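Next come two complexes built around chain A: one with chain B, the other with chain C.
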Partner chain A sequence: MVDLLFYVAAGVSVLCALGVVVSANPVQSVMMLLGSFVGIALIYLLAGFQFLAAIQILVYGGAIMVLFLFVVMLLNQGDPVVLAREQGVLRKEQLAVGLAVAGSALAVLLVAVVRTDLPRPIFGYLWPEGGLDPLLGMAQAMFGPYVLAFEGASVLLLATAVGVMTLAKRQRSTPVAAANEEVSA
Partner chain B sequence: MNVPTEHLLILSAILFAIGMGGFLLRRNMIVVLMSIELMLNAANLAFLAGARQHSAQAGHWVAEGPVMVTFVIAVAAVEAAVGLALVIAFYRRKQTVSLDRLSPTGATSKAN
Partner chain C sequence: MSFVIILIKGALIYGGLLGTAAAMTLAERKVSAWMQLRIGPNRVGPGGLLQPLADGIKFIFKEEVTPDGANKGIFRLGPIMAAVPAMLTIAVIPFAGETTIFGIDFGLLSLTDLDIGLLFVLALSGLSVYGGILGGWASNSKYSLLGGLRASAQMVSYELSLIMTALTVVALSGSMNLREIVEVQNTGNFLDWHCFTPVVGQVGLILFVITTFAETNRHPFDFAECEPELVGGFHTEYSSMKFALFFLGEYCAMTVMACLTTVLFLGGYSVPFWEDAPWIVQVGTFMTKTAFFLFLFIWVRWTLPRFRYDQLMNLGWKVFFPIALANLLLAGAVISLS
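On to the complex of A and B.
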């Protein structure tokens, strides 16, 4: 029963991922991406990573999706007139090369997975009896051996906040003058 | 859930390939960024499949996979923010988000 739920979630996430790539309207793409993320979150939940499922919904389904939707709507990308203007012509050879590269990546990955002989332990737990709670172990690892990486991530987030504000700031004068201002500041 | 790790990895491979196809084939910068998010998600799924396999074999939770996934999610958020800021900056200059209008030098292209 639970296994069946995994295959349903997997199918939903794959179909939604295809929808992201195929649909012409970026608003539809964002919605499809949301569906894909929710399907993956369900798989995390089924595999016993409850905290990561919550993070997946909160950060991906909440923050990142809102950011994408906000930009799509800010730039008026859902508008049919804009869509018709933006629609680039994809040449046949471009399509062929793109599909060939993605297809060969898929083939290499699938062959690697199928040819690897993994042992089959019993996975039949959702919440393990005894043993270390996954969240507790994760917290101990993150604030133990990986504390430097954790602090690095926070520095990265701060740098991003500053960088994004600089990038998205409306330029008051010509680009060259603005660049000179930034250099002198 | 008693699904073998291979099936998780196959799902991860399919999602990664779809994301790669979108990254290579789409012209809309926003959709390209979304495809990158899809690929990062596929990588996360592979990390968790590995963590699950190791945990089941070792008999206790191996925390490295989930920790790595947390870092990947943080980096994905950063990447989305920076990428979308770049898209907005590009849109201000060219009034479009099509990658066809992106010139290698960054100069305003005369061809269009």
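On to the complex of A and C.
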């Protein structure tokens, strides 16, 4: 049962990933990416990592993909079908470059997987021995040995968020402020 | 045997959820009628009780219209994405503790007992945003698109406050498992319910209830529909059962959110002064508490006017989110002091 589920999840995520690249319509691509993420979340679940699976859906599915959709809808690039007819969905050069990148990534990954001493997953999944408390283990690792790295990453993200906001705000407010100065002068 | 028990539980819980959703459509119309000194639907069945059934039949027999230039596949996906996540989340809600019916041990009266139950609900309810956005975009109409965009921005914004407020309860009870959250509160003394934790509990409860209104796109935050500006918002172009699915999703989401508020803040199935109450009393208590929050949804809808869109965004980001963060900090202080 678990074997079958693993292959279904893996197949769905691979097919959806392919769909992201192939579909002509950007909204369809985003939905395919969502399907791929759901497949990956299912694989996490099968491996016993409930927390990771839920976070995958919550963060990628519920937040990031929604923002992607938001941006795709706000940027109106015209009728996707017409665009695809004019430009071609996949031009030959794009296809060649894409295949080269994907192929080399796959090769590197294969070499890495074959040469490491990690315990081999049997039929594609790994049960944690003796069951694993998904939350407690994660929390202890995060706030125990890795607390500095974890908090450092959050400070970095905060800095990015503040930086982005300052930049966006400055661009928007400058013309208005200049106009106000002119009026007062 | 255990498989049969799961099937029975599933039938009970999903029957209950869909039944509640149907009853809510009637309650909405009846309550609004009473509030406006009208009678409300009273033709179908005794006192209008069979109205939801009549509505359902009517929806099935209506013509299905797909607008020209709509993206067919995604147009069909929209209502599904609105209804399915809302229905899935009920699976982790515990309705009663140890249950024995006719001598058969049913265990905990919930479909699954996940360690990450709360996270499961939040993650899946986050997915219900897609119904509005996809439906709005695929309809190929400006009103639908605006409604969809508003729904997405609103739900992503309020989700943060919702999660932060839910985290205070996780901190107070030390678990994300909904059964354990209830068991922490089920001590026979109702002052142990999280809503009676000084300051933290009350602020949390109020914030949580208001953000659930925004999450389910209900009045006074129903900008995704907003009839005076957007005709019907994201479901302007939908008809027949597709339209009904959007509504089913909304009412299911309301029911689940009411259940979740009960579990997190009102002690779930715990009965005041009676720690080991039999399961039927526990289910009754749970349903009474949930019914109050469901009534609150209707009550507020027919009492308060709609916000303005910028007010909604300011409220979410500049008021609720800081308060939720401060409340989480305060909860930390309360826990370390006690």
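Everything below uses one rule, namely that the second predicted complex is superposed on the first by the 118 of 185 C-alpha atoms of A that agree within 3 Å, B and C clash if a C-alpha of one lies under 4 Å from a C-alpha of the other, contacts with A are read in each partner's own complex, and residues count from 1 in each chain.
What we mean here is this: a contact is a pair of C-beta atoms (placed from the backbone, for glycine too) under 8 Å apart; a residue touches a chain by one contact, two chains touch by 3 or more.
Quantities reported herein were computed from a predicted structural model and do not represent experimental measurements.
Trainee: Pick one for A:73: touches chain B only (first), chain C only (second), both, or neither.
Mentor: second
Trainee: Have a look at where A:55 lands relative to chain B and chain C in the superposition and call it first, second, both or neither.
Mentor: both
Trainee: Touching A:63 in the superposition: chain B (first), chain C (second), both, neither?
Mentor: both
Trainee: When both complexes are superposed, which of chain B and chain C contacts more residues belonging to chain A?
Mentor: Here the partner covering more residues of chain A is B.
Trainee: Is A:137 touching the first partner chain B, the second partner chain C, both, or neither of them?
Mentor: first
Trainee: Once the shared chain is lined up, is A:94 touching chain B (first), chain C (second), both, or neither of them?
Mentor: Touch status of A:94: first partner only.
Trainee: Could you say whether A:12 touches chain B, chain C, both of them, or neither, answering first, second, both or neither?
Mentor: So A:12 meets neither chain B nor chain C here.
Trainee: So chain A touches chain B in one structure and chain C in the other; where do those two contact lists coincide?
Mentor: 51, 55, 63, 67, 74, 133-134
Trainee: Under the definition above, what is the set of chain B residues touching chain A in their complex?
Mentor: Residue positions touching the partner: 1-22, 24-28, 30-31, 33-35, 37-38, 41, 44-45, 48-49, 51-53, 56-57, 59-64, 66-67, 69-71, 73-78, 80-82, 84-89, 91-93, 96-100.
Trainee: Mind pulling up the chain A residues that touch chain C in the complex?
Mentor: Residues 25, 27-28, 31, 34, 50-51, 54-55, 57-58, 61-63, 66-67, 69-70, 73-74, 133-135 of chain A touch chain C in their complex.
Trainee: Okay, in this complex, where on chain A does chain B touch?
Mentor: 2-3, 5-7, 10, 13-14, 17-18, 20-21, 26, 29-30, 33, 36-37, 40, 43-44, 46-49, 51-52, 55-56, 59-60, 63-64, 67-68, 71-72, 74-75, 77, 85-86, 88, 90, 94-95, 97-99, 101-103, 105-106, 109-110, 113-114, 116, 118-124, 126, 128, 131-134, 137-138, 140-142, 146, 149, 153, 156-157, 160-161, 163-164, 167-168, 170-171, 175
Trainee: Which of the residues in chain C end up touching chain A in this complex?
Mentor: Interface residues on the chain C side: 71, 73-74, 77, 114-116, 119-120, 122-124, 126-127, 129-130, 133-134, 137-138, 145, 148-149, 152-153, 155-156, 159, 176.
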